[in-house]
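Read from first to last, the chains carry the letters A, B and C; within each, the first residue is number 1.
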Amino acid sequence: MKGYRKYFGKKLAWFLITLVVAVILNFVLPRLMPADPVSAITGKMAQGMTDASAVQEIYKRYEEEFGTNKPMIEQFFIFVKNLFRGDLGTSFSQYPRKVSDIISSAIGWTIALQFPAIIVGWLLGNLLGALAAYIRKGFDKVLLPIALFLSNVPAFGMAVTLLVLFAVNLKIAPIGGGYAFDMIPNFSWRFIQSVIAHYQLPFWSIVLVSIGGQAVGMRSMSIYELNADYVKYARFLGIKDHKIVGYVFRNAMLPQVTGLALSIGTMIGGALVAEIIFSYPGLGSTMYSAVTAADYPLISATTLIITIMVLIVTFVLDIVYGFIDPRVKAAQFDA
Amino acid sequence: MSKTMLEVNGLTTKYVTRFREDVYAVDHVSLKIEQGKSLGIAGESGCGKSTLALSLMGYYFPPLHYMSGDIIIDGRNISGMNPDDVRKNVLGTEIAYIPQAAMNALNPTRKIYKFIEDVVQAHNPKANKKDIYEMARHRFTELGLPLEALDKYAVELSGGMKQRVVIAISTILKPKVLIADEPSSALDVTSQKMVIKMLRDMMEKGFIQAMIFITHELPLLYNVTDDIMVMYAGQIVERGTAKQMVFDPVHPYSRGLMNSILVPEEGTRDVKLKAIPGTPPNLKKPPAGCRFAERCPYARPACTYNQMPILEFAPGRTYRCGLSVDELREIYRREDEAKGGPHDE
Amino acid sequence: MKNTLRQVFHSSKFVVGFVIFVAILLTMFIYPLFNPGNPLEMIGVGTFARPGTYFSLYDAVKTPTETLRLANADDKRLGKQLSDEDRVAIVAWLSAVNVNVEGLDINDTEALLEQWRANYDPSVKPKGMTQAKRNYYKRLDAALKEVDAADTLIIADKNEEGQLEQQGTITKTDYVNVGQVANVKTLPLGTDNFGRDVLKELVSAAGTSIVIGLLAGLVATLIGLTLGLLSGYVGGICDDIIMFFTNIFTVIPGFVLLILISYSIGQEQRGAAVVALVIGLTSWTWTCRSVRSQVISLRNRDHVNLSKLSGHSLVRIILTDILPYIASYVVMAFILQVSSGILAEAQLSLLGLGPKTTEVPTLGLMMNWAMLYSAHTNGSWWAYFPVILTITLISFSLNLMNTGLDQVFNPTLRD
């Protein structure tokens, strides 16, 4: 247990450090750029305005809002203070809605869509990959190229393909949105049904995309494990194949957990773009509309929230990994 | 005369490479071990000794394939048996194996006692887990292994401990024949001694009836096994008792091996390679004559094309060379004199 | 080296990937020779013209005609005008008047019309059919007869008094040779929302995207390689610092940084090269990690130690004793970086943060335009599907090559 506590502490420290760096980057990056975001935004907002003093007024207001008239370091502390209070500023495009309000209405959709989809895709992919590694001949020849091809279809490509196939042509799924547009969110059966119907295509497009990559990874991992010395040894002790396959599956699966932790950021990135295709009311679509409307506070907040989400997931996966893989514990004792 | 535990006649196996070429890594190997005896097999890396270890198990998986020959364990020929049958009724119970890289031989995510459970249940599905655990504890005590090791994962054990645990697991079902493939080569000297002592203990206590010990360090075998066999390019080139082989090697290759390694320490691999110039032949196209001829300092033209049979020149002593034993001994005597006396033993 | 290449080309996966990739590259170079010009030129005024061969109707009218009497010409003409709903309705009528419609294919215009002409009778009132429906059938029949009847089209032009004067007629049996029509344009993939030739645009976009991918991959590999070498070979505090940042940037999603930086740069400054650079800057961590672990396993090998003892400089040791041994890993990492760079550009463009839209097309921009103009919901598959396929094929071929290399250099993965 001592080794594990050490592991946990180390991971927690890393999580916190990374979080701080992420917040700093989120603050600094836009401000490092030559273009002054405030004037860029003012330019956008003041389009068509002829009255110079009105433009000046808008500029002042945004300067105030951002605090860009204060020194950088002071700005940063205000930023952090506001962050702790959950205040992410006011949206430009949906003025006077608070950014935190927009985010909180979107984040639930994204979490409910992406995590189940990624987990299901991961599980199915690993199962298929292990099967492919175990059966090899024939199966390998057919399934592997398909999986490799599938894994290279970009998430948005899969989203568009499914959308066109099932929503536009076969008309068995809705075109987009999180629920029928004539409904108001409530807990009626009809609404839930609508949500489930709208859930299918985005869900399966993310699942299909993640299956391919996971299956390919799991296959090579399993082949690697099948060639490991302990497999040979177990065979020579007369242990039955199904038992050995169990060993291999477990041992190949473990690095896949770390793999998931390392690639979750990329996967979420792809899935966010897929959301846009379905106009799914999650963070991806929020970000898209924010970019289109040059809604600076909203962009900044969405990127920060996504980063924090990814950091938390990575942290949790690391912790889970420490529990299920005895090698981690041993490594901590060595260190 | 005691009974024969392991008899191998003309065993030939091959590897099939990715490019579908056949490599005959074990070529007509015959040997015999009596009850209570041990046999050492020595040779450079790549000489086929590890493949021989795998081939002796009677159970083959790609890229290794069985070609011909018999493996008879305690009077039962296992080479014609159905592979599933071999796996269930021979492996682990009749013949057991200690792999070259014991470091990686244990499943890293399974506790030792769990693995022992798997081994026992593979042969006796009805075995009770509690009984198995008790039996494992008993055996570990007998072999002087710490009982805590049972409840650990392989990664938590030190290298030497891992190797000894592997030996204990391999012999948990008291197999008749044990094949140990370089069980000590990756260990430090203290651990090496412990491993070797443990193997000898097991012979004495009757956990195993016969043993084959494979190593690239010929002199090491002197303290471990009764007989020694030297392999080169998939063939046996010489066999004799440990004493004969160490003090009176006849085949030029055995002598090369003997002279090249004096101290079993890290770094000797390179020294050894320099001691016998050249590399083993490509077994995809083995030479027609003596396979060692290319590297042999005493080779004659006939050696390169004459088939080289294995000959018995004294009771229990065989060799495979184009020169007669007397000719070889005469050459060696002159060499030693030139160097300033025979090497000191 | 030669032996390594032989082995690499022995791997069927590598060869397949290589062939696909080279085919794409060749298309990029060869196609513009046959179809030169600016790929962003808006040749169509409308949006989303279907794929096919277009010829100028004006020119066709003025082209000398030949008379051809072809069987079924009338039916084919009718067939083009008969909608799917009409076809279904005809079958419905036929079954209503007890004609056996089994085996009747609604796409077989000839058979359908034959049955219709034989069995339609306006005076029959099938059971349960409303008056409105019967009127519909009357209109349908009339329309079909009209098409049948109208024999000629008149070409008229204004004369000097401003009155229309007949210049000639076109009959149904008049044909022109397409080869003699002055202006013919084949658009194998139609046009996009701006009326641009999709195939031409696609070929150019694939080229730009590959260049973006290569540039991004190069930047990422150079950074990753340098940091990985330093971290792995020099070790110590240098290693600690580099690994500190590498670990942080492995966890912070590169995608997010990419969005932030791209947005901050602003639309005007965002050329294709800038986007590539930014992608490269946010994706070097993988290369750094794998190079580092390779170098660490190498740095205490005998040949490296020998070099150190001989007093060779750091640069020389790295160049001659380390780099050759990790070259295969670096190449593999580079290939993956190229493929993920192309994907990153596409995703960025879909978000509206891609290269500025006025200079060059990229695969991401094409996808973005198609989505903005709802190509996916209005059935204009040619505007987005070839783009998805191209991205997938490029990335598929690169990954196949990578898998092939992996099998050659990682013996445990060999089949």
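Here, contacts are C-beta pairs under 8 Å (C-beta built on N, C-alpha and C of every residue); 3 or more make two chains touch, one makes a residue touch a chain.
What you see is a predicted model, and the numbers here were worked out from it, not measured in a lab.
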Could you tell me which chain lies farthest from chain C when each chain's centre is the average position of its Cα atoms? B
What are the two chains with the top count of C-beta contact pairs? A-C
Using only alpha carbons, which chain's centroid is the nearest to the whole structure's centroid? A
Let me have the rounded angstrom distance from the C-alpha centre of chain B over to the C-alpha centre of chain C, please. 60
Centre to centre, by mean C-alpha position, how many angstrom separate chain A and chain B? 54
Mind checking the centre-to-centre distance between chain A and chain C? Centres are C-alpha means, answer in whole Å. 26
Residues of chain C whose C-beta touches two or more other chains: 415
Residues of chain A that contact two or more other chains, please. none
Given the complex, residues on chain C that touch chain A span 247-248, 250-257, 259-261, 263-266, 269, 339-340, 343, 346-347, 350-353, 367, 371, 376-377, 379, 381, 384-385, 388, 391-392, 395-396, 399-400, 403, 406, 412-413, 415
Under the touch definition given earlier, write down the residues of chain A that touch chain C in their complex. 14, 17-18, 21-22, 25-26, 29-30, 32-35, 37, 40, 136, 148-149, 151-157, 160-161, 163-164, 168, 175, 216, 220, 223-224, 227, 262, 265-266, 268-270, 272-273, 276-277, 287-288, 291-292, 296, 299-300, 303, 306-307, 310-311, 314
Given the complex, residues on chain B that touch chain A span 57, 59, 61, 87-88, 90-93, 96-97, 99, 101, 104-110, 118-119, 122-123, 153, 155-156, 166, 169-170
In their shared complex, chain B is touched by residues of chain A numbered 228-230, 232-240, 243, 247, 250-251, 254, 325-327, 329-331, 333
